[in-house]
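Labels run A, B, C and D following the written order; every chain starts at residue 1.
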């Protein structure tokens, strides 16, 4: 039984603004608010799943039926992504309970809630301008969160992020304006229908602008310059949230754009090539990194490259694989970030070389990190295996053997740098005076959830795949989506 | 419940259980794993001759697990060796740290190997293959601090192999739409020649890494050396056989053997097979050279293992009835003797704490059982007649000569002769010669360690008498693989070229030995037993501090003679390649400069680029 | 009766074989060593009597001591002798082994080898020529044939006496026991 | 199996060792004559062995030391069992109806390995050095030897010694003429196998005190010497079987084997000693090249 899906956006927004006053009443209470609210979101998305799988749930806001009014279109895709976002959000929120001890933590929680709300909005909305608005909400809270630690590096990273992010906003806004000017509508389904009659030159302009804009959010090369800095300088949970939430929303937007709204075939090849380049360059950069979180950031970009390859294939199975990869990445990368956060915290240094012997000193953390590393390398029986397998299988089926080979080459590089870190954790003698320390229970719970999901999905991938299949179908066959949205108004 | 998934769940369950209860009690965790392995092995033993299979769907892929004579044969290798090594490690690992981790990884490795042999489709084959890779990686890095480089190299090499295999199997899937072996064997001949060759190469790379074929062997010496001794036995005895099993699948189940007849044949051997045979032979020879100059007992055996696997590959790639029999026989035999040698070296390490050949000596009186095992082991490795090794060697040479592959035969013979050198070295420097004073109080290992070694040792004697019992099983596997079974009557090996009766050989040797022994010992008074140091040293009485054990640089003249082969090393090439690549990756610093303006510029460039190519986007 | 005959035949054969196959371990001490090469090589060719050099004491039958023995060398000689397999014979070569010869008053050489090792035959002279050496060997063969070359039995029986003598001159006695 | 062949089986080892030792004695005599000496009687080696058997005491260093000569002679006798001594009407082939060349090749090494083990347990560094040298040299000469054998096997399409002999039915069909290259290669290998100069570095008496057997004395050495004689005989018979078409009676056998025995002997008389690695690499140059040339002939 699900409540009104609008609550999934409204409640976090409302709660976010409620936090500062609440903080005046009780400092301790504040940190449980995100857990509660995002927990509700999680519940909502899970409850919605059976419904949206059958038929997209259209929520009409302000009594105007689509295409006239603003609406939430909770198709399988949106729902699955919302589930991913709330899951990651929930886990990160649980983790936050003890991690963010720093003042002013109410702002932190507020921004985090905003970020989640924005991302959820992005994936649920059926209106392209709304999408933009939610994107802005997400982005702005991200900028703020990047600089949350209020040190020099954080500020610099936030500034870079802000710079690139505003370029993205500009381009997206321009693109939307172009579309609106030619089609006269902002509803995505409606646009998809009307775009056929639009002068293709204008359409392609709009597409280019939008692709560039969303490509920045989706960490497509060469638009991802902001990512390494932002990931590594932001507080660790936020790094996890970037990987698990922001990027996922960006990719969602990109997918929606190229699959549903526009129907240009050439763009898929572009995405494919961009994907493989992104992957290779990211992996090649990652291997040279000296900072743990920065390395994870590059790895995250690399994984997104794999998702882009999958999306570029434009086949049902490929998209399924891509979505599965997104799901897995959303589980594994936060796991890595969260464990890395405490590793960095305890070792007192961001550098990989200072992680020596952590396996002795902090066995559980190191275990989770190693577990995540193994999962992201695609070692069975962990979930990363299946998504990688499907994507590569699909890539090769379509004759892109070279792409698959390059991707595998990237994977080998990935194995090298992850194992180097794992090696340092376990194979180097710990520094003098280090003693066994255990991390807070909340963090452990957060990481255990992620690890468990990774293991269970790996052993029984069909569990997730059942829900990804309709989502992929929605992307591939856009008529389902369009029909559902447009018929809702009748 | 179906037997195969049941066995798998026993093994995985034993792994997890051993890890969990391992926190509490030593006997419990070792006991759990041993009991689990024996239970699973017992169930598996009962599957002989049955064609049990288990099918289900996962992610829309058909998965099938089944038993056939070939997989049963390899499965028995795995379980036999795994149970013995588990018992061995029960005593060996006592008092070591992280035994729970050890038992866990051990059971997982066995489970994954079992999974590989029962897989009836490429997907689960690859799935278990990868599990095997990481679980054995966990074992390689057991001694954590020293093991990093070896572990990393092992893992990366394995990944390269696995990904080559992945590419191949995905290509197969793209072509046939199914991962099933049956579909593949039916569909292989439909592929174009180029595709067949590509698939062949990719699969061979995948399997050759595990089988440590040169030049993909560089992980093996270090990984074998550094892993805990009981596991090394399993590693070399069973895990490397998975590469061989893969090759068997590739040639005879997937149907790459058919590629054979369509292309050029050399002396009745297909070109790819012929090339592979050369790789095998060269591996056998060069690895043997390398083994001769090692000073680390396990490294020596590791190179020896690489060399022996070269023989097996050689046998398989001939694709003839005899060659395959030879390969399979040698595979089983290699598991037995390499298992016993690694265990024995482990036992020596357990008592002396060193693996350096030049530091040991004269342990024969201290560890007679271990000596006996090593003695039988080296006789078997050398392929000398009374024991089981001879049959394998005989089969390989007959197979080569039958095909008139004389150059290969000479290389193989040469490698086999060179093997005497390192075999003698290992038994001499450890057990014979002078004993350093600090090992005077060394004791024989406990029975829990002795028993597995002795069982394997007696097995070689038994097979020396009755090789046909093993050959029977091999013949069943060959029938499954679609190869004419090797013709054998009881205890007689024969082909068109010659024949050997192993029982006669054994009997002659035994009878002559005992006659001479009795004559020699009854006609004479007992001889005087003298001490180790009581040797003629030009009348000098050697003091305790004088080293009379000739063990350092034992084959220095040999090393000088073959220095041309020894000074080049593939691993150095790989290392420099990796270094250069990493240096190249540094170029990426020019991409991610950390400068906001640059990134903004990238965005603009990307936009401009998109505008330029906009016609292609439509 | 029959057993005796067998023993007798065995004795005869073994005596004959021992006599015709003398493997010499030449302990090349002192100046006498120089006489051994001509004895063995083409000029005098001792090999025609079945006399060959042997590389190690384990294989040797005859210990040929070619000259004076310093106390230090005596120790080695004793060790070498004890490592030989019986029956074994000792041959003193030159005056030095008989009475010290020109070293009769040296502080550091032994004067009479027979005190320390059971010498079966002495070859007189300083130096004895190869002819004399070969003559010595022939004499030794005769002794073997007659069954009187029993030095090794003597040594075994009178080990205490020999040891006492040996220990008298060798002060730092650190040798394994003669063990049989 | 009739009574006669059983008798032959029992008697043959004795004959073999006697013949082998006598050849060695003759060899010593010949060497002496070349060096302008009179030389020992030709039965000198037999006398030596009898003397060694008559030694009253022997020392042992342990169980392998004790068993080594025993196993070594077991290996040699077993080899003898598989080599057809005489062919034709009065064939003496012992067990060699199964005479498989590969089996012979491997069982020949059996005794050597046992010797090496015994030498190892003696604890004398010289023995170990000798074994190390011997094995190194063995690896050298096995290459041309194997090349020759494989050539023969492929040429005759059999691995049975019986069949190889049968193929050499007339004088011109002897393998020495049929495959001269293989013969030359095998002859080089034979030089190494017999351990005469210039390939006597494993035993070098003046350098490492006769190498492996340096701790053996008395009955052990006696058994080893017997073994040595017999082993020489076995090798000679094998070579005669392979290259000279076997022998139909003892007279011919003795003539042929002695002819073969002379070759390493004469080479040895006039040559100094090779160093170990020289001895090994020597075999990889001309002998191997000649053998491979023979290969090419077979292939064509």
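Keep this in mind: contacts are C-beta pairs under 8 Å (C-beta built on N, C-alpha and C of every residue); 3 or more make two chains touch, one makes a residue touch a chain.
Predicted, not measured: the structure shown is a model, and the values here were computed from it.
Here the chain at the heart of the structure, going by C-alpha means, is B.
Between the interfaces C-D and B-D, more contacting C-beta pairs are found at B-D. Separating the centre of chain B from that of chain D, both taken as means of CA atoms, is a distance of 36 Å.
With centres defined as mean CA coordinates, chain D is found 78 Å away from chain A. If you average the Cα atoms of chain A and of chain C, the two centres end up 97 Å apart.
Of all residues in chain D, those that touch two or more other chains are 56-59, 209, 214-215, 218. In chain B, the residues touching two or more other chains are 528, 530, 533-534, 536. Touching pairs of chains, sorted by label, consist of A-B, B-C, B-D, C-D. Those residues of chain C whose C-beta lies close enough to touch chain B in the complex are 27, 56-58, 75-80, 83, 174-176, 179-180.
Listed in rising order, the residues of chain C touching chain D in the complex are 10, 13-14, 16-18, 20-21, 23, 41-42, 45, 47-50, 52-53, 55-56, 58-59, 61, 84-87, 180.
Looking at the complex, you find that chain B touches chain D at residues 362, 364-365, 368, 375, 379, 382-386, 390, 393-394, 397-398, 401, 404, 406-407, 409-410, 413-414, 417-418, 420-421, 424, 427-428, 432-434, 496-501, 504-505, 508-509, 512-513, 516-517, 520, 524-525, 527-530, 532-537, 548-551, 554-555, 557-558, 560-561.
By the touch rule above, chain A contacts chain B in their complex via residues 156, 159-160, 163-164, 167-168, 171, 200, 204-205, 207-209, 211-212, 215-216, 222-223, 225-226, 228-229, 264-267, 269-270, 281, 284-285, 287-288, 359, 374, 378-381, 385-386, 389-390, 392-393, 395-399, 401, 404-405, 408, 411-413, 415-416, 419-420, 423, 426-429, 461-462, 465.
On the chain B side of its complex with chain A, the touching residues are 58-60, 123, 126-128, 130-131, 133-134, 141, 144-145, 147-148, 151-152, 155-156, 159-160, 163, 166-167, 170-171, 173-174, 582, 585-589, 591-592, 594, 596, 598-600, 602-603, 605-607, 610-611, 613-614, 616-618.
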